[in-house]
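The following pair of complexes shares a single chain, chain A, combined with chain B in the former and chain C in the latter.
The block that comes next holds the complex of A and B.
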């Protein structure tokens, strides 16, 4: 991006009602690119999740917003002001770190009061605010405890309280629930979401857990190799993945190579399927994505294609079956079990077939 | 049988280590001047010791240098450790080698090289040069006792402090230093102890006019040992023993 283009885009961003703008952000560590041009805006009171596998640049993006890294190129705006040169202690954002980073030499009270003491508030006000925060995070009566004597979940709450007590405009959270067990994680997800809605604070949340992202976010930003793959609300990301990577990363998918015969008709696995997509041209190669729960098992004689059940796994709510059909093995979720080795028909309604432009490295579904 | 032998061996080692010191302490309470004959218990030599102007002067030099060297090397060593900790891998490894090197070098090499440096730079040897020398050999020990504490620290706590509004200076004093306080105190005490019992390096870096206890004892010993030096050595042994016990206990607690 030329400097002219950049300043043009900064000027454009300033006309919008955005809280934070990342414009053409790149980052290199010792010559290795980590972010390759991130364009993202965040509105007030939004719950935005940066989602992606490890090494995709999500934490680096968060650290740039927090002020712990400087972007190699691009602009970072906060309410239209360029804050790239502002040190972390002058930014109106607070961070909840991975593994919490509580001050081990201070007790719960002093950890939470750290930021307030720096603002030189009177002791009475600090006491009140800390007390309120302890109540908010369900840790009433823990003020004098030593932080290292607390459980992981409790330390997590202290870390959140320590940030929230400063009433930041934006709270940055770097995989805050990563170290907790599954049950506690689910509870904390709901609690965090609840807190965010009650306090009306913007949350920018980093995770590699797609379920967490789908549960909590208003907006999900899917990242891979330092680029943004898709931005959207959880439902559209799940239902309309922009490419095979997103489809594969968000939930489980069958991703196949197919050919668009004509508008609203696609050919894969040796059969033609009516679909709802159009505009790809005739006989164009495409990627076809089908969610495992969208494949219906029917009688052999009425299926659009016929397959043989290779394996059956009980998954609690449903059965997961691998079915050989033509040149592909389909993953199918169904609440009714079919015995291994039996032949079944597979039907897919047009609405559930997602067509997308082929990616260079398509995750094939050979298992 | 094996067990008995083991115990015997340990007893022998301890006897050879500590009997000379015990003899020294006992002798310091001997009323007579003879080293061969016990002439009754007396504090005579202790009283004489504290009336001897030269000895008191040397005691003052020893203690003041130990305290000053401790303070300066603790500050330098702590800051150096924080700097080394923040370095990237390669320069860090280099700095660590440079830190460890003086510790493995014989004192006599350090002493002579410092003496040559002072002669070469035409600095007159005396109190200041001895102090500088002590700071020089103390600092690496402080670095080595602070660095492990920094490594144990969650490195995000510094960033968390900045995030909560602390300036880098405030974060240094309120977050980083409190977290390696144990290492700093251990390092300071180690520096004090090392400075207190150093002879070789002091000998080469001072002038005959400025003597600390160890150089004083050395020069008097050549003229024949004054029994009041027994008293002095006994006192130094007890003082160092107490300090070492404290240092050991601290390091044991840290683990």
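The block that comes next holds the complex of A and C.
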């Protein structure tokens, strides 16, 4: 991007009602690109999740917003102002760090009061605010405890309280629930979401857990190899993944090679399926994505294709079956069990067949 | 020189009993574990400790509380307090012999106490200077972004490969009247400066020799620290100075304590440096002890002075221990 283009885009971003704008952000570590041009805007009171596998650049993006890294290129705007040169302590942003980074030489009270004391608030005000925060994170009566004597979940809450007490405009959370066990994590997900809605603070949340992202976010940003793959609300990301990577990363998917016979008709696994997509051209190679729960098991004689059940696993709510059909093995979720080895028909309604450009093409477009 | 250096019979007996007890303990350990147990690998070190640490300390205790004939006495400690004590004693004895009171002729000497106070003061100065120089150095070494750590570590270690005496003598060739610095000054047209044979030169030598012992413990403490903690401090509103004194410094206290210990202890007992760089104009307690043993041959007074020094070091160690109760700084304190 040329400087003219950049300033043009900055000017354009300023006309919009965005809280944070990342424009063409790139980042290199010792010559290795980590971010390859991130364009993202965040609105007030939004819960945005940066989602992706490890090494996709989501944490680096967060650290650039927090002020711990500087972008190699691109602009970072906060309410239209370029804040790239501001040190972390001058940004109206607070971070909850991955491993909490609580100060081990201070107790719970002093950890939470850390930011307030720096602002030289009167002791009474500090006491009051810390008390409120402890209540908010369900840690009443823990003020004098030593932070290293707390459990992981409690430390997590202290870390959140320590950030929130400063009343930041934006709270950055770097995989804050990563170290907690499943049950506690689910509880904290709901608590965090509640907190965010009650306090009306913008949350930027980094995670590699797709379920966490779907549960909590207003907007999900799916990232891979330093590029954004898709931005959207949880439902649209799940239902209309932009490419096979997103489809695979969000939820489980069958990803197949297929050919677009004509508009609204796709051929894969040895049969033609009506679908709702068009505009790929005739006989064009495509990727076909089908969610396991979208494949219906029917009688052998009425199925669009016929397959043999290879394995059956009980997963609680549903059974997961691997079914050989044509040259593919389909993963199917169904609430009714079919015996292993039996032959079944597979039906897929047109609406549930997602057609995408093949992966290789997407990948080569990126670079 | 003292002619009779032989040990009393009971000292030999005690050493014999100690060795027999040691052998018995090794035997019992083998017997009880029906073979070699891990703890046996500590026995060479234990033996070494007995012979070269425990026995000498017992001997120092013995000499400190006896006179030249091996009889119990506290005169050695009185001698520490009043350095003319022995001379005064003979003056008074001579007076008694002729039936006169010679107490008007005696004077109290304070050389030993003065030397001790001077040593403590010099050690204090050396420790403070080492801390002031060493802490920033350790900070720079531990800084991830500057990437100077490995280079600086090597630079600090290289001089330590050289012998302590050589290092100190090397300073002479820099500081002496016809040394490098004065030659350079004269070449520039200035007059030469007296750089050696004063307290400052001694202090310089001490700081130079002991600085690495301050830098490395602090460096270790700092590099063990989670760098996210300083990021968290910055995030919560600290500028770099506030981060330093609110987070980094408190968390590096174990390193500071162990650095102070490792500089202060050898500083108090410094000898040789004052002789080389101070040219005999200054004397430290270590030199005094050395002189008592080797020049005067008075092992009894020398031992008493050593005991006093040991006591002082133990006291300062127990004070420092309070600042680092978990021994995180390597447990030296």
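Rule of thumb we're sticking to: the second predicted complex is superposed on the first by the 360 of 367 C-alpha atoms of A that agree within 3 Å, B and C clash if a C-alpha of one lies under 4 Å from a C-alpha of the other, contacts with A are read in each partner's own complex, and residues count from 1 in each chain.
To be clear about the criterion, contacts are C-beta pairs under 8 Å (C-beta built on N, C-alpha and C of every residue); 3 or more make two chains touch, one makes a residue touch a chain.
Keep in mind the model is a prediction, meaning the values are calculated, not measured.
Chemist: Given the alignment on chain A, is it a clash or a fit between chain B and chain C?
Modeler: clash
Chemist: Contacts for A:314 in the overlay, against chain B (first) and chain C (second): which applies, first, second, both or neither?
Modeler: So A:314 meets neither chain B nor chain C here.
Chemist: Touch check for A:89: first (chain B), second (chain C), both, or neither?
Modeler: Both partners, chain B and chain C.
Chemist: What is the contact status of A:103 with respect to chain B (first) and chain C (second): first, second, both, or neither?
Modeler: both
Chemist: Please report the chain A residues shared by its interface with chain B and its interface with chain C.
Modeler: 66-68, 87-89, 93-95, 97-99, 101-105, 114-115, 118-119, 162-163, 166
Chemist: In the complex of these two chains, what residues of chain A are touching chain B?
Modeler: Result: residues 66-68, 87-89, 93-95, 97-99, 101-105, 114-115, 118-119, 162-163, 166 of chain A touch chain B.
Chemist: Which positions of chain C touch chain A when the two form their complex?
Modeler: Listed in rising order, the residues are 226, 228-229, 231-239, 242, 246-247, 250-251.
Chemist: Going by the contact rule at the top, pick out the chain B residues touching chain A in the complex.
Modeler: 154, 156-157, 159-167, 170, 175, 178-179, 181
Chemist: With touch defined as at the start, can you tell me which chain A residues reach chain C in the complex?
Modeler: Touch list, chain A to chain C: 66-68, 87-89, 93-95, 97-99, 101-105, 114-115, 118-119, 162-163, 166.
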